[in-house]
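Dropping the structures in below, format is structure tokens.
First subunit A sits with subunit B, and in the next complex the same chain sits with subunit C.
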Partner chain A sequence: MDLNISLAPDILFSLAGFPVTNTLLWSVVLSVFLMLFFVLIARSAKLIPGRWQNFIELLVDGSYSFVESITGPGEKAKRVFPLVFTMFIFTLVANLAVYIPGQAAITVYNGEGFVPVFRAVMSDYGLVLIMTLISVLVMQIVAIITAGPWKYLGRFINLKNPLAFFLGLMELVGELAKIISLSFRLFGNIFAGEVLGSVILFLAPFFMPLPFQFLGLLSAVVQAFVFSVLTLVFISMASEMPAEEEAKV
Partner chain B sequence: MDIEAAKYLAAGLAIGLGALGPGIGEGIAASKALESIGRNPEASGKVAPLMFVAMAITESTAIYALVVALIILFG
Partner chain C sequence: MELLEALGLNLKILLAQLVNFAVLFFVLWKFAYKPIFKMLEERRNKIAKGVKDADKAEDKLKEAKVKEQELINAAKKEALQIIEEARERAEAKKQSVIDKTKEEIGQIINAEKEKIQQEKADTLKSIKADVSELVILAVEKVLQEKLAGAKDEELVAKAIKGLK
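For the complex of A and B:
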């Protein structure tokens, strides 16, 4: 089989020594598009909403009430909503942009060979890792703020007895495993979707890819949802730590 | 066995065995969710998103196996 699959994204051109890959290009294009779109909608907001404003209001309002159902209403939901919703909308648009027809045919010569200009943004592990690191860092910061720095450290380093020390170590491993599990889930699903699509296209080019495309469409939406909801759940768990401890004692 | 053949064998084994557990687990999650929706159809709006989240978490071990297999094959 002569399939052109690589884990690392292809380099399109270098900008003053900085290699610009196809996923980087597309993540910038999609971010600029999203920013312009939302700013334009917000600028032209009217009391009687038009078609687009209606759609955005439905989306934002629905997401906000979902966030409130997990964190509980009030200040907490208001603070965590922008981060989680931005992650959701960016991941969703990046995953769905794969289904714009015809973009796979556009290639460009980078000096060594022809590489596709478009590639699923979330199939670049670097980007997914950065998003995961942001969400894990926010979790730790929230945990430190709610529990206080000493209590936070005490969760991991506990010298009371050997069992507590071991459990603290396990807690530390659990926090590190969050980085791996969150990032590999999103990256693995999207990259596997790409690989599956090209393998099926190679084996049976007509009609057979259709059900797999639907499956990919479903997982594109579900993975965007899952990534942001897990971030939300972890953050709201981190913000409820002290109450949980008191309940145990 | 040369190294290329061993690579293909390892990738096949990794994803094949890695998909066993999550397959069973997701089946259990779906059957329980459908059961509860059948018992209380109004709750489907609340059960379905939670089921998707739980399924995605269950799926993660299969995804690790898949990533390992892909790294063996293409990395």
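For the complex of A and C:
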């Protein structure tokens, strides 16, 4: 028995030259599940809610109030909510799906060796990077819309004096750092959880993994929350840029 | 580049993940969040309306209660008044009946008195008449015996004289 840890998700099979990795498969499955779950419940929504509808409404309404508490009530919250909530619910479900018992044991032969069919979706850096890029891109778009393109560029390229130029460069680095910090925080936590879990399972398969599983469960929820809330906060900050500038003057 | 490979970054897979996430986002947005928010808004409105209606109903109930109390009070007052009036009227009637009865009794007594008086008078009259008749008869008898002789003639003559 050997411990097999790979940083990259394993390719399960190729579909007409397209490599299908286990995380891609898993994320598609979870997406379909989420879509079916939400849409079916929203479709059959009644004025007097059933148990599931109540649950969904509680989740959506609670999250919306939370978003409102950060962006302030009104149009802004309404615009940013779908993206942030989708990120949250997708990340949360993806992280929690790891705890479906028995799934880690299923492997498939891909021509080179046996690879697990299931893998924590967020331990695929590709997906996390895509989500981070979306959120950073939205931040930039919001900033451009609120501040105007010239003022937005002026934040990064300032030739008035050397200090301002340096600060502009720092600002640019800060934006790029957001990509790195956001994506590696989520990816690192989940991947580390995976690795830790399998290592402990390898060393002491009975009872010992339990506390680590609990820890993993906690970080699964917290990381989903942190990722979406950071996105929310950054977007919200980007949308308040002009007011901030005015406050400085 | 080595790092990207180690992380398993592949443009095709990245694109697939992007498409997957985009589809998830749009489907949830259009078909889940929007209807849910609509439903929540609808329910909120309905509850607000219900609460308002309940408030209104309560106000109306209070009003009705006040009105009811007023009506009851008025009715009580009226009833008392009616009772008072009835009592007064009864009192008056009683008094008048008593007065009338007294009067009637007085009248009856008076009438009886008069009748008695009358009878007394009548009796006296008839006694008087009887007595006078008796006196006349007695006188006649006495006179017939005395005036059988000359005196009768004398008397007749006197009477004739008187007539002349």
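Basically, the second predicted complex is superposed on the first by the 248 of 249 C-alpha atoms of A that agree within 3 Å, B and C clash if a C-alpha of one lies under 4 Å from a C-alpha of the other, contacts with A are read in each partner's own complex, and residues count from 1 in each chain.
The rule is simple: a residue touches a chain if its C-beta (ideal position, glycine included) is under 8 Å from a C-beta of that chain, and two chains touch if they have at least 3 such contacts.
Keep in mind that this is a model prediction, so the values were computed, not measured.
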Check your understanding: Mind checking subunit B and subunit C on superposed subunit A, clash or fit?
Key -> fit
Review point. With the two structures laid over each other on chain A, which partner does A:I70 touch: subunit B (first), subunit C (second), both, or neither?
Key: neither
Exercise for review: After the superposition, just quote the angle formed at subunit A by subunit B and subunit C, using C-alpha centres and rounding to the nearest 10°.
Suggested key: 110
**Study point:** Which of subunit B and subunit C A:A104 touches, first, second, both or neither
**Key:** neither
Review point. Is A:V138 in contact with subunit B, with subunit C, with both, or with neither (first, second, both, neither)?
Key: neither
Point to revise | subunit B versus subunit C as contact partner of A:G188, first or second or both or neither | key: first
Review point. So, A:L7: does it touch subunit B (first), subunit C (second), both, or neither?
Key: both
Check your understanding: Looking at the overlay, what does A:F225 touch: subunit B (first), subunit C (second), both, or neither?
Key -> first
Review point. Quick one: subunit B or subunit C, who's touching more of subunit A?
Key: C
Review point. With the two structures placed on a shared chain A, what shortest C-alpha distance in Å links subunit B and subunit C?
Key: 6
Point to revise | subunit B/subunit C common contact set on subunit A | key: 6-7
Study note, to complete from the structure: Residue positions on subunit B within touch of subunit A in the complex are 49, 52-53, 56-57, 59-60, 63-64, 66-67, 70-71, 74-75
Point to revise | Residue ranges of subunit C touching subunit A (in the complex, touch as defined) | key: 5-10, 12-14, 16-18, 20-21, 23-25, 27-29, 31-33, 35-37, 39-40, 42-43, 46
Point to revise | Footprint of subunit C on subunit A - complex, ascending | key: 6-9, 18-19, 21, 24, 27-28, 31, 34-35, 38-39, 41-43, 45, 47, 56-57, 60-61, 64, 81-83, 85-86, 89-90, 124-127, 129-131, 134
Revision key, fill the gap. The subunit A residues in contact with subunit B across the complex are 5-7, 66, 181, 184-185, 187-189, 191-192, 195, 222-223, 225-226, 229-230, 233
